[in-house]
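Pasting the structures in now, so scroll down.
In the two assemblies presented below, chain A is common to both, partnered first by chain B and then by chain C.
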Partner chain A sequence: MEEYGGGDLLSEAMGSAARVVVVEDCVEAPGAFVLHLLLKRALASGGAAAFLALAQPFTHYDRILRKMGCNLSLHRRNERLHFFELQAFPAGARNGAIADSLVRLYSEIQRVAEATRTEENAGQFTVMVDDITLLEVAAHGSVDDVLDFLHYCVTLTSEMNCWLVILIHEDIYAGEENMGLLLHLRHIADLVVKAAPLSTGLAADVHGQLSVVNKGTFNKQRANGQKVWNFHFKVKENGADFFYPGSRH
Partner chain B sequence: MAAAARGQTLGRSSFSRATSNPVASSSGAAGVKLGPNGAAFVSSGIPDLDKILGGGFLLGSVVMIMEDADAPHHLLLLRCFMAQGVMHKQPLLFAGPLKEPRLFLGTLPAPVSSSKEDGRHRLMGVGASGDGRVSDEGLRIAWQYKKYFGDEKTSRAEHRDNKQEFSNDFDLRKPLERHLLNGQNTECVSTQDADSLRDLQDHCSAFISRLPGKDGGSLTAGRIAIQSLCAPQCGYFEKDWDMISFIKSLKAMVRSSNSVAVITFPSTVLSNSFCKRWQHLADTLLSIKAIPDEDKDLAKLLTGYQDMVGFLHVHKVAQTNSQVPVILEASTLSLKLRKRRSLMLERLNQAPVDGSSGPSSAASVSCSSSQGSQLDF
Partner chain C sequence: MAEPIVRCLRDGRLDGEHSPALAVGGSLQCCQLAAGAMLHVAAALASQAAAGKAQARGLVVVVFDRSPEVYLEFMRRRGLDTNALNRCVRILDCYSDPLGWKQKIQNQQHRENSTKQFPANKDNITVFRNVKDVKKLMCSITEIGGGFEGEGKQYFSIAVDSISSMLRHASVPSISGLLSNLRSHEPVSSIFWLIHSDLHEPKVPRAFECLSTMVACVEPALVDPVCVESPGNLSVLEQNYSKAKFIVRLKRRNGRVKHFYEELYVEGTDVKFDSAPSVMTEVNQSLVPKVQFNLELSEKERTDRANVVLPFEHQGKGEPIRIYDGRRSLPEDQRDSNLAPALVDEIAPKSGTAKGEIHYVRDSDDEQPDSDEDPDDDLDI
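Let's look at the complex of A and B:
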């Protein structure tokens, strides 16, 4: 996997069997780059993807992935990438209609997933959410609607052989009173990737550390393998470097 | 525009951010500067802050400033930002929790007149030499070193001409002349006693839709300044989800236009989780902290303490079209008033530790003043 942005440690840690991947980050260490890497891998391995972009417009992802050697516009034209521009989601709908909007969004995802599956030599289908906290904002704080939507998406993973990758800002849920969404996500996740800043502060060579927690419930062989990985990362324009603390200089 | 920007950035590596600023020339429109990655900047009104942020406030981004609970220093930043917009004749929308928000325009500072500009030299500390200020004419350089600064000097001079139109130094004691304000297409909205944010949102979307599109030949940048968005005197206070969805939709609107929104907010009135949500929504996140008047320990620790009015902390720098985070040399900067008039930002300079005070006490103070990032090993 070295040619895919040199993300060898991350892909080694992630294995290949995880169905639901949750990426956690915080203000000091944004984890969007993990999403970019996973999106690139999903498309590079011949699969298709549905990307729910609540945080940034298409041009942003397009520019970034282009520098990583992945042409999103082309994939979008070939219907390998189904890009949902949801920055203004839900358009026009004010209070109450959110449940309907989410159901419509889900059926759209389901439709493209089914269409991809019926194709010849269809690869893996990946659903990515950037990020789920903004979906909560769009739902005006109604966690139940978001959880419902998540549940539908999780059923896709078993029914349609899908991957689900979700970004969440975990520091929002640091307080005890409203942990609901984070706990739920951690529960359904097969794999948790958590980006955190270095405790020693800012550094030019190390942008933070990743911990990958592999729950190991999905695969017998890996069950006795390594479950927790910790390593440092440095984000670059064309990918990211992953390395063990102190192993690089 | 994007193509032109790409042309300029060609052959420049991504990590040369600090030196790239002088190279990026201003585009045709007044007050808009093109940078790497197809970015366009407008000035924050404080030349030092522009330099720190890699060119200024990014067009299409939301800048959030966390206020100090006790001191109104955030208004200094907001005033400079607005006054700079007035100088460039850019459309301006101001919203604040005031009865008469238009009166706030009367407090905007006027630019320092050019005759004074020539006469004065920048005082600079030792630590500031990192960003090329050594080439200031006011400083004599030993002749052996002169040759090393030759290149930098010319680019610096270029930058200076450029700077005249991109950003001004403002004199905080002198109010902006009335005729400049009257000729402006400024709009003021009061958020005091407003029951919902719908009104403000409509104003913002109308304001943005009036701006000429991105493809238009003239690139006119709009500025939206919102003071104390979640202040308790607003009628919608405590409608947390309303406020956060307002910011979300404002961000979506701003992103697809050529405008910048600057929002200041008192972070202490928000709950922790909502404060984090706000911070995540910000493209550029700054926080301001006032320093107490007579803090003897701090005065001993930092040089130039008497001119300092507060600390500016840079949490996040807006990045479009790039996933690489900006790592600043120092994220905590001192906010100084030069001659009680114009704002400048400087890296913290630690005074030599006085032997009599003992190393242990000095160390404990340095920890509490949140300047860990200053310690370069």
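Let's look at the complex of A and C:
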């Protein structure tokens, strides 16, 4: 199992054993840059990805990833990237047919995952969701339907060489009593990456802090490594820097 | 290693009684460890069944949260070979296709009417595709459980991982009904399940605890008094993901409740139990601030403190207490009056027994009460 490229703190913290990654963010510290980084790494070295875009159109990601040195249009043409434009999801579905739309969406994802797996030199397959909060909105608030869909995506991670990366906005659920979808996701996740602002407020050189909790799984060989990480990040045009507090001048 | 509960599950049911039931409860902070506890109990029970030491011939594991391979791999690492697994472990797979979506997709793709309710299964794994139908689930469990070979009465044990996932598809009454029915079902020797307490209202895990005869709570090893969510408390979080408290309550038939406490920790890909309560002392020590001077008392200091005679009138010993007020020397002292009273006792201890004393000198006797003098008279304002 190859690691998520790059020799930086994020890839070290994520390791290689985790399958289900949940990225949490908030308004003060957006976590979309983590998704962009992971997408770039997923497409590197022969891997393939299915990107469920509910937040932004393709042009947005294309522009950002191009500055990071990754040509999404090319990958899409080569069928390494399967881009699902879901801003209008579920188009035309009535209230009761949300589940059917999700089944159809899942079947598409399963189809591309299976197609990638049968290829020669098949690399890792990554399913990314940006973001799950919008999927809940599209499902008219039906957490059960969203969780059913996510469960089936999780089964792909155990049946095929597949990763699942989900972005969720933590501050939307913070006020609720039972935290709904967020708590379920934290339970499902093998790895939680949380982007938060600095307690000292805004800064020019540091855009926030990342906490990485690697819960570990019982079905993978992994050393008794560190499970909890915390470091600072700075988002740049061509990527992001990760560093421990006080280690940059 | 959680011996009492494994023993209880292994021994199974007595004639005329319902089977013993264990509820394993965990929360988000230690959900991996709670899962580890389930894996451990399942593997231990399967080993006992394979060795012929359990009432049950085999174990039926109903999996919702994890792939069946996780259980089988864990059991293999615990020493169960393929033969033993095939003989004594059956998995009802509600993880791979709980709502039948994959079968629906397959049907649409192939457009052939080759649907069987249970298509070709791997050796001991049966895929279940309709988790909303609790009655059908019960039938499948009892059908699979009845398939174990062996001599004597046909008993089997059941593990459910997890009730929390079941509750997403069916109501609390229907699932508690399922568990009750399974407990009273003759061939069921014992049953245990996992529930994530924080995913439900508090009354839901309690309702399932009432159905059980044993409750095992997996709780975080260290509780951060400030805030669990704050990323600053890394060491606390790190500890809580590596080990947890395993607290067991065993309800006996005579109504008495027995408590056990162990420490549960992860070692590589295995989970282990430790009966030594080392966690408690660690927590106590961390509450004392680390400073350069000694805030604690040694044994000698503690005994000396206990021996100090306090200057209260009513010590309860029945002796007359004299409070030394500095004007008269105590009868025992025949010393130079220049020496401070406290020093006298230190230099010449009496009769070998160390006796501490407090000498209280009243300094207010010189002053007449209700004096007309203004105490601030000497101020130059």
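The criterion applied here is as follows: the second predicted complex is superposed on the first by the 234 of 249 C-alpha atoms of A that agree within 3 Å, B and C clash if a C-alpha of one lies under 4 Å from a C-alpha of the other, contacts with A are read in each partner's own complex, and residues count from 1 in each chain.
One rule holds in what follows: contacts are C-beta pairs under 8 Å (C-beta built on N, C-alpha and C of every residue); 3 or more make two chains touch, one makes a residue touch a chain.
Small disclaimer: the values here were computed from a predicted structure and weren't measured.
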item	value
Which superposed partner A:N230 touches (first chain B, second chain C, both, neither)	second
First (chain B), second (chain C), both or neither touched by A:Q87	first
Which of chain B and chain C A:L202 touches, first, second, both or neither	first
Touched partner set for A:T118, first chain B, second chain C, both or neither	neither
First, second, both or neither for A:S247, with chain B first and chain C second	neither
Touching both chain C and chain B, counted on chain A across the two superposed complexes	178
Contacting residues of chain C [partner chain A, same complex]	28, 31-32, 35-36, 39, 67, 69-70, 73-74, 95-99, 101-102, 104-105, 108, 168, 196, 198-199, 201, 231-232, 234, 237-238, 241-242, 266-269, 271
In the complex, chain A residues that touch chain C	103, 106-107, 110, 144, 147-148, 151-152, 155, 158-159, 178, 183-184, 186-187, 194, 196, 199, 209, 211, 213, 215-224, 226-230
Touching residues on chain B, where the partner in the complex is chain A	14, 37-38, 240-241, 244-245, 248-249, 251-252, 255-256, 271-273, 276-277, 279-280, 285, 315-316, 320-325, 327-328, 331, 372-373
In the complex with chain B, residue positions of chain A that touch it	26-28, 30, 32-33, 36, 56-57, 59-60, 63-64, 67, 87-88, 133-134, 137-138, 140-141, 169, 171-175, 177-178, 201-204, 207, 235-237
